[in-house]
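Should a chain be cited, it is by its letter among A, B, C and D, assigned in written order, with residues numbered from 1 in that chain.
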Amino acid sequence: METLTYRFDNGTRALPPQPRVIGVVGSGNLEVLIESAPQDGACTIDIKTAAVGFGATWQAVMQDFHERWQLMDASIAINDMGATPAVVSLRLDQAVETMLGAPT
Amino acid sequence: MSAGSKVWNTLQSNRDSRLARARSVLGAALDGKAVPSARIGDLLHNVLECGDRVCLEGNNQKQADFLGKALAGLDPARINELHMLQSVLALPEHLDVFERGIASKLDFSFSGPQAGRVAKLVASGQLHIGAIHTYLELFSRYFIDLPPRVCLVAAEAADRHGNLYTGPNTEDTPPIVEATAFKNGIVIVQVNRIMDVLPRVDIPGDWVDFVVCSPEPYYIEPLFTRDPALISEIQVLMAMMAIKGIYAEYGVQRLNHGIGFDTAAIELLLPTYAESLGLRGKIARHWALNPHPALIPAIEAGFVESIHSFGSELGMEEYIRARPDVFAVGPDGSMRSNRALCQAAGHYACDMFIGSTLQIDLQGNSSTATVGRIAGFGGAPNMGADARGRRHASPAWLKAGRQAREGRNTIPRGQKLVVQIVETFREHMQPAFVDRLDAWELGEQAGFEIPPVMIYGDDVTHILTEEGIANLLLCRSDEEREQAIRGVAGYTPVGMARDKRMVENLRDRGIIQRAEDIGVDKRLATRDLLAARNMKDLVRASGGLYAPPRRFRNW
Amino acid sequence: MDWQTLADALFPRGHSLSEIDHFLSGIAQSGEQTIAVVGTTGHAPIGVEIALAQARFVLQTVREHAGKHPRPPILMLVDTAGQRLRHRDEMLGINSYMAHLGKCVELARREGHKVIALVYDQALSGGFITSGLMADACYALPDATIRVMGLPAMARITKVPEQRLVELATSNPVFAPGPENYLRMGGVQDIWRGDLAAQLEQALATTPAGDVRSRLGQERGGRNFTQRVIEAIMAGSDVLAP
Amino acid sequence: MNNDMRSYLESTARERVERLFDAGSFVEFLPPSSRVISPHLGQLDAPVAFDDGVVVGRATLGGQNVFAAAQEGGFMGGAVGEVHGAKLVGLLRRAAAEKIPAVVLLLETGGVRLHEANAGLIAVSEVMRAVLDARAAGVAVVTLAGGSNGVFGGMGIVARCTNAIVMSEEGRLAMSGPEVIETASGVEEFDSRDRALVWRTTGGKHRYLLGDCQAIVADSVVQFRAAAIEAIAACRSRSTALGLAELEQEHAMLGERIVRFGAMSDPLEIWAALGIEEPATIPMLDAAQFVAAASAHRMGGC
């Protein structure tokens, strides 16, 4: 297992208070827990992944996610079992969409 | 030396002496052409000679497994140095003949399940590869420079005269038997049963020398059955993009599909998504395709007008029999398949091939080779290559040709659409896009003259991933082509090394298209869009006619 | 330990235990009490027949003493290699037979029979759930084997190197075989050493009320989460007690 | 696709809970944000889940208060570890304490989680006792089995300790998995790749015919919902607690089963012996057709 953490400052969109969890920690899949949490406007992402050595890929996927959604005061936690970036992006978008509605 | 002293019938007289040896050893056990299964060893020991070219029918699906086992059980002191010709090596005994020293040389097409063992035997010097072919090449060489001295094939049934009924799974049998029989070789057939009157005659008895009723029916692999339950939502998204961005865009009417779940998803989206786009009757009407169970809902929905098949598929027999307008069936009602003709049809008569692969490089070359496994090709290279000899036009072919030639001073001609559909990462985060194909390393290890490339980049017209579609027809330079590929390669190292500005430029020009660019709503990409979500749905769609093999059932 | 030796040690004042096809049953004297004894021997795989035979004995004990007082305690003697691994047993619904046995034991408890169990040899996975683990209190002999799966098999399935499992097992009782681990986790009430008859009498005198295993596991430091999770849910709290 | 057709099999545990109970009524106990994860998996370098693979909480079902648990088959096959098991025990004990009318268990599990095998084994037995305690306290406990991983191992026993079981034909209920039996006793004993045999032996239809489950429904969440409501009402119309009479009856049924079917080797023979006219056609019947063909012949449940 590998632990990765990311922090993106200066988000603009706040989340509703009710946390959400999407996805399942199964092979090639992941679980995303997304919560509103005060942290100076930042969005933090904590990842525990079974696929070791893909830090650069995660960094890029998370960067793009942040550019799409611009979340502020958001805490995201991920338990991953080797999901591909496509699945990761899909779950993240689903999680946020269930909280905010579809992107504008 | 005068011309008169030259002997011109060595093959014939050699054949005669082989037959005489066999008759003498079998004696009364030989009943016309029928040999008792217990005497197969005696037959083979006597008709074979050391160094013979032997074609063993190991197909994509049907296997002459009884004869294969018998061959592997021969005495290597008596029979050795055989040169095996085989389209597919699927069973362990196909390699036992090399391990036991009975055979030493191999010309073949595909070795999927045995690929690791092939590589080991090559490394140990027990197996020398002549060449790895595509199916059509190998069949062609049977007629030119590699005619078999003896062929060992499989049929459903024979009659007393040696006429053969090959049934739905005719597959490779006709060219093997024809090439052997008309070059004075020996044709030996294993059949599941001997009948007084055959349902139909697929191979005339004149061409057949010996028939053995095997104790067990020949082995057959349900190679083209894909359980819809295993299709992912990413594959659904890619299928939507394929239908809207390529099938509809080019009006593809004649086509061939690869074997994977990506294309199974497309088949299952025809009656739902394609129907909702009003595409019935406008796309995917005529197919060169095995009877894919996943195509049943589209057939039932009236999408599919005709299918010609390379081979059959286990469990589809009754469904095929009940849909004679769609499938090629004989007067007896059962299907006729023919791998050689269907390969030719897929090459010349189809406007598009779409299939998956394992690796694509920056030129668009695609390969399924992995280090340590010599797997060969099968049929994809013929399907996935522009037919340079094609002369008849169709709208899809013309449009592809136009796109490739626009702005260039060339005479008008069409081009086949060759689409590679891949997720950017496979299981276990293996990237589908690479700087250098594993095929290079495999080729070097195995001493091949060229790396084993499945589909050459200059034949590939589109690459479709979950990130988008790259239309390589529209690229005007090697650099554009490379960036178009990087631009759909997602978060793979190849994709992340893209020139972002150039990729955006290619997107502006429609060379790269994202789902949103072609109006595909990603939120619809769920498994609910599949016309069948499990095997039972397929059975229901077939009106109970499709009978899946037991391993695919959960009822 | 063979069951006759065990029975003689447990019941110096006599017993009428008998064995048929690995199924043990009978009456025995423990101190002043007459007790009903049921169980298995010879590492019996628990198939549908032997599960049903045990259930029959328990039901019969309940039926015979309905409305009477006192109700005799029931002692379950455990020696099993686990559930029988046969297609036939699955076809017949072996889980229903196991559940039936468990429910009969539960009925006996509710009807006032104390139920204790002793693992005197092997207690493996499925065979243990509806026998020893259904008792008010389960005891074990020090040499008994209690496990779901051995470490080599576990290493294969979990893909954790066996050596690593062996190391971890010294500090964490959660996966490694052995009665001591089950003791720490509360699954085994106590390990009997020495005078078995005396310990049986003692056990019969101190049978716990209700399922106390999660609490024992916490007190003994072998299961640190179970009781806290249960309590959090009971209390409607979203956090565990520290 | 409309909600009526939503597959139970394909839904996750959370989706099942959201769709099966009254809309918006589910309130989770120890939700993922509490992060009560397995303390053992990390040690073995295995992934964890924020709910340890089981969702527990309260909801209403047809307006009635119920407690619910749903195992997630996608996470370690729904296997029971320490926390997972303790959540089930806590839920059942609280239901008993609060006299909740019913607990609905949406089970999907391979049984004990090997990574924490001892804790899992003890936990399964604690769940079993907690089920029976809840029943004794007047709580109806109903099992739903329709997930792709089936209900196996100790949890297969637990299911048969609940008041009633509702299955789909895709659902499975058994003890040892076919792969385990094949590994231990050989492919001749049980060919785990013969899925038709696997489902004939462990699937919902066979269980219904044997009397091991009380209802069989099509693979849809709304059908499971309707059957759960019905099963709860039926259970509450009599005592939910174990009784001698009920167990005597079950004992007779299980004994009869061995006598009548013990010498048979394929469930098809059992179905024929039960009086099903064309046993071979049974697997292809949909749930309604199957019930019509089977209900007159099945062995009495309890």
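Throughout what follows, contacts are C-beta pairs under 8 Å (C-beta built on N, C-alpha and C of every residue); 3 or more make two chains touch, one makes a residue touch a chain.
All values derive from a computational prediction rather than experimental measurement.
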Chain with minimal offset from the mean of all protein Cα atoms: D
Selected pair, greater C-beta contact count between B-D and A-D: A-D
Most remote chain, CA-based centroid, reference being chain C: B
Distance between chain centroids, defined by C-alpha means - chain A, chain D (Å): 33
Where chain B and chain D are represented by their mean Cα positions, the distance between them in whole Å: 44
Whole-Å gap separating chain A and chain B, where each centre is the average of the chain's CA atoms: 42
Touching chain combinations (by label order): A-B, A-D, B-D, C-D
Touching residues (chain side chain C, partner chain D) in the complex: 48-49, 52, 55-56, 59, 62-63, 66, 83, 85-100, 102-104, 106-107, 110-111, 125-126, 128-130, 133-134, 147-149, 154, 157-158, 160, 164-165, 168, 172-176, 181-182, 185-187, 211, 213-214, 217, 223-227, 229-234, 236, 238-240
Touching residues (chain side chain A, partner chain D) in the complex: 1, 19, 21, 24-26, 29, 31, 33, 35, 48, 50, 77, 79-81
Chain D residues within the chain C interface of the complex: 29-31, 33-34, 36, 39-40, 43-46, 56, 82-83, 85-87, 89-91, 93-94, 97, 112, 114-126, 128-130, 132-133, 136, 153-154, 156-161, 173-176, 178, 180-181, 184-185, 189-190, 201-202, 206-207, 210, 212, 241-244, 247-248, 250-251, 254-255, 257-258, 261-262, 264-267, 270
In the complex with chain A, residue positions of chain D that touch it: 12-14, 31-33, 35, 42, 45-51, 53, 72, 74-75
Touch list for chain B against partner chain A, complex: 232-234, 423-425, 427-429, 466-467, 490-491, 493, 496, 523
